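Each structure below appears as structure tokens.
After this come two complexes, each holding subunit A, first together with subunit B and then together with subunit C.
And now, the complex of A and B:
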């Protein structure tokens, strides 16, 4: 669990079965465990109306456990980017009664929520559960480039190379934390780089 | 006779200055010898002649130069002006408000002629004479918000009101005190204020939101906020922080009076009639220490405020690096005598 911080930082809950006709799950890595925990509490026919989009990541684990839930549709993605066209089409064709469940890393939850917001879904209606890595998706406020999987504080922008303070300030629209140059006033000051978002 | 607009810059050679009359009318933000956050909101009503409140939308001697600086910022970074798709109607509301107020306060410089939806806008200082159809975006060279805020001093945020909250859904932000519209657009009132220290715990934002969501049409409100800026730079955006940040390390006992500027924001809040949005103009006034201390009361008071400012606030406002130098310089102008009540100079 992430530590409590400022108000713009997302707060995640625990997935639970919601009333609805269709259930769309998007998860990566350990996020599968959140779906499995939900399944234990769900009615018998719950996954008959479910579509699971799962990105196992490097470990490649948990896919079998999710497939065993016998969802109406099951998709195994290589990356979020490769799953995105499918996700966008699913959201565009969705009807009233679709419920959305996001589980896994903050980067996955944030990007899936971004796609949902663009499709007109209110963020407060989306179930989220954080599992696994605390790595952050960061936007450089200077060059606007996004750096994925940031684990250090400060972190180097992968686009412009500035050394950035990774703030807790978060934008749902960008699905990213804000990175601001940490030594702008005196570039010769190089603070120690620590691995804090594991 | 109208305003004599100064030719000056807010970058590079920094030729910005205030005339003696503009020093006297500067909106000094401290009514006592100390400072802490408060919900210091009051009705935005017309104030004394010769003050920045003489008109509800103030146009001053820096108007033309500020609009030129805004055009430079937008050419470099168009993301400083953004409007989410549902905010166009609010943009027309804002265009109407600013044209009406500028024409009302400064008829020698601005004129608005209306014939139903056929409008003609004459802006003499900027050499603009445009005819357009109100409500028809295709008849203006920019969207309505961008069009009018390229001709109005101050930043402008348009806040959509829904779900009991205010949402930062449009804005023209080129003179900001270190916050990013591009990052904050789409956020609600609590989210975009999230990085502000101390104020959440004091319940400031809960009370401020309650006040703002109840603002009525024709009854605008205002408050002052402040920070400090090194050199008279309008564009102190986070986007360019790596460019202006080094200025903060250049303050010396010899150049404090010229380099250090008090930056005051006159923030006002207006309900817009068609969209029910709130527009939040953030008008920035700059004054260098040499100009400010020509008023002895302000010199004494500013010394006490900066010296006693809580550390979190000094850090948030970015004063840390030069505060000791500034306090030492101001202390020589503070004989310890009492200051009179209120904001104005003696």
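And now, the complex of A and C:
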């Protein structure tokens, strides 16, 4: 579970069925289990109006379990980037009454929410549930490059190479945590690097 | 001083009959300065000094927020009400000196919305007059669906059609025209916000359908000033001030508390804003809750009351005031 710290650090809830005609799910890896848990609480015809976009983890698990829910539409993506055009298209054609459910890693939830915000959905209207890895999407505040799947503290920027303190300061607009140079005064000072975001 | 009760000394600059029930009042500052800025959906509380009695009623500002030389309100005459609207219609003339509160907005536009869908019923059109003027000036995307009893009682319907053409859709009860609400709510693009102002039955219906059709609560905005209803007189003990007061038939509980020299906070005086929420210490009798602020649970618990619009029937009521 993601711990509560400063106000901008996202907190996630537990998916629950919302009233509405259309339900759009975006999940990766263990996020599928959050959808399965919701299914146990959902009305009988709920998935008849559902569209699931699922990006399996490396183990390739859970896709069958989601398909067994018999959603109106089911899409298996290779990566978030490959699923994004479909997500954007779905949101562009959607009407009020569509409910959005995001489950899985923070990177997936953050990036799907970013697309939803751009489509005009308020972040408070979105159901989220964190499952799986705590690896972070980080933006280097110096070069603005984004580094995916950061698990260590501090972490090296994959663009400019600076050693960055990964902050809890989060941007919904960028879908990324902020990384700030940890040794700006003296670059030779290298603090111990620990794996903290697993 | 109570929240939101900073006052403005104004002069009635014009009184314009609009139709058989509605009259429009224009206010300017007595010192000739500009009035404070406001945003579409704001209201002012108008003080009506009627002999011994002072009424304080909220009215939506209906002029363009871009013009603060004057404030305009439209008052629908309510012959069965407590007399505020009749006072405005009968006693207020051009040149009358009056006092109004600073504007307060409890029904503001969410300007992050991609589109604003507005539903008005009857005199509930007034906040939308200001909101449409504000949006039109910014090139905002809106659509107004306005239900009135008859064409002659369709206050400002012609003006709105003239200004905004097909962005305004009219429905007349006497011609059996009805909003196809489910279809309307199901065909709005993502990012639409919904605004409703009108009779409480209409607001309840629209909120219920919007919730059922999957509109998140934060996208549904509504305003209904519940006018305080007259009722049987009752006695109240104000525990903190050590006073026992009587609420007359035509008086609200809030007005009776104020008449006793106690100054509780207030803002809307219409059961909407929550400022005057008051704890009940003990009671023996039945509450008549008329507000839109407290939850159903609060209403059932008997622990809280909104004195601006709600009343009580029974043997005793002790409030934490």
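As a working rule, the second predicted complex is superposed on the first by the 198 of 198 C-alpha atoms of A that agree within 3 Å, B and C clash if a C-alpha of one lies under 4 Å from a C-alpha of the other, contacts with A are read in each partner's own complex, and residues count from 1 in each chain.
Simple rule for what comes next: a residue touches a chain if its C-beta (ideal position, glycine included) is under 8 Å from a C-beta of that chain, and two chains touch if they have at least 3 such contacts.
Not measured: the values here are computed from a predicted model.
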Partners on subunit A (subunit B, subunit C) - clash or fit: fit
Which of subunit B and subunit C A:119 touches, first, second, both or neither: second
Touching partner for A:181 - first (subunit B), second (subunit C), both, neither: first
Partner, of subunit C and subunit B, that touches more residues belonging to subunit A: B
Computed vertex angle (subunit A) for partners subunit B and subunit C, CA, steps of 10°: 60
Which superposed partner A:131 touches (first subunit B, second subunit C, both, neither): neither
First (subunit B), second (subunit C), both or neither touched by A:51: neither
Touched partner set for A:173, first subunit B, second subunit C, both or neither: first
Distance in angstrom between the closest Cα atoms of subunit C and subunit B, superposition on A: 6
Of all residues in subunit B, those that touch subunit A in their complex: 79, 180, 182-187, 190-195, 200, 238-242, 245-246, 248-249, 321
Subunit C-facing residues of subunit A, complex: 18-22, 91, 94-99, 119-122, 124-125
Footprint of subunit A on subunit C - complex, ascending: 112-114, 185-192, 211-216, 218-219
Subunit B contact footprint on subunit A (complex, rising order): 6-9, 139, 141-142, 144, 162, 167-169, 171-174, 178, 180-181, 184-187
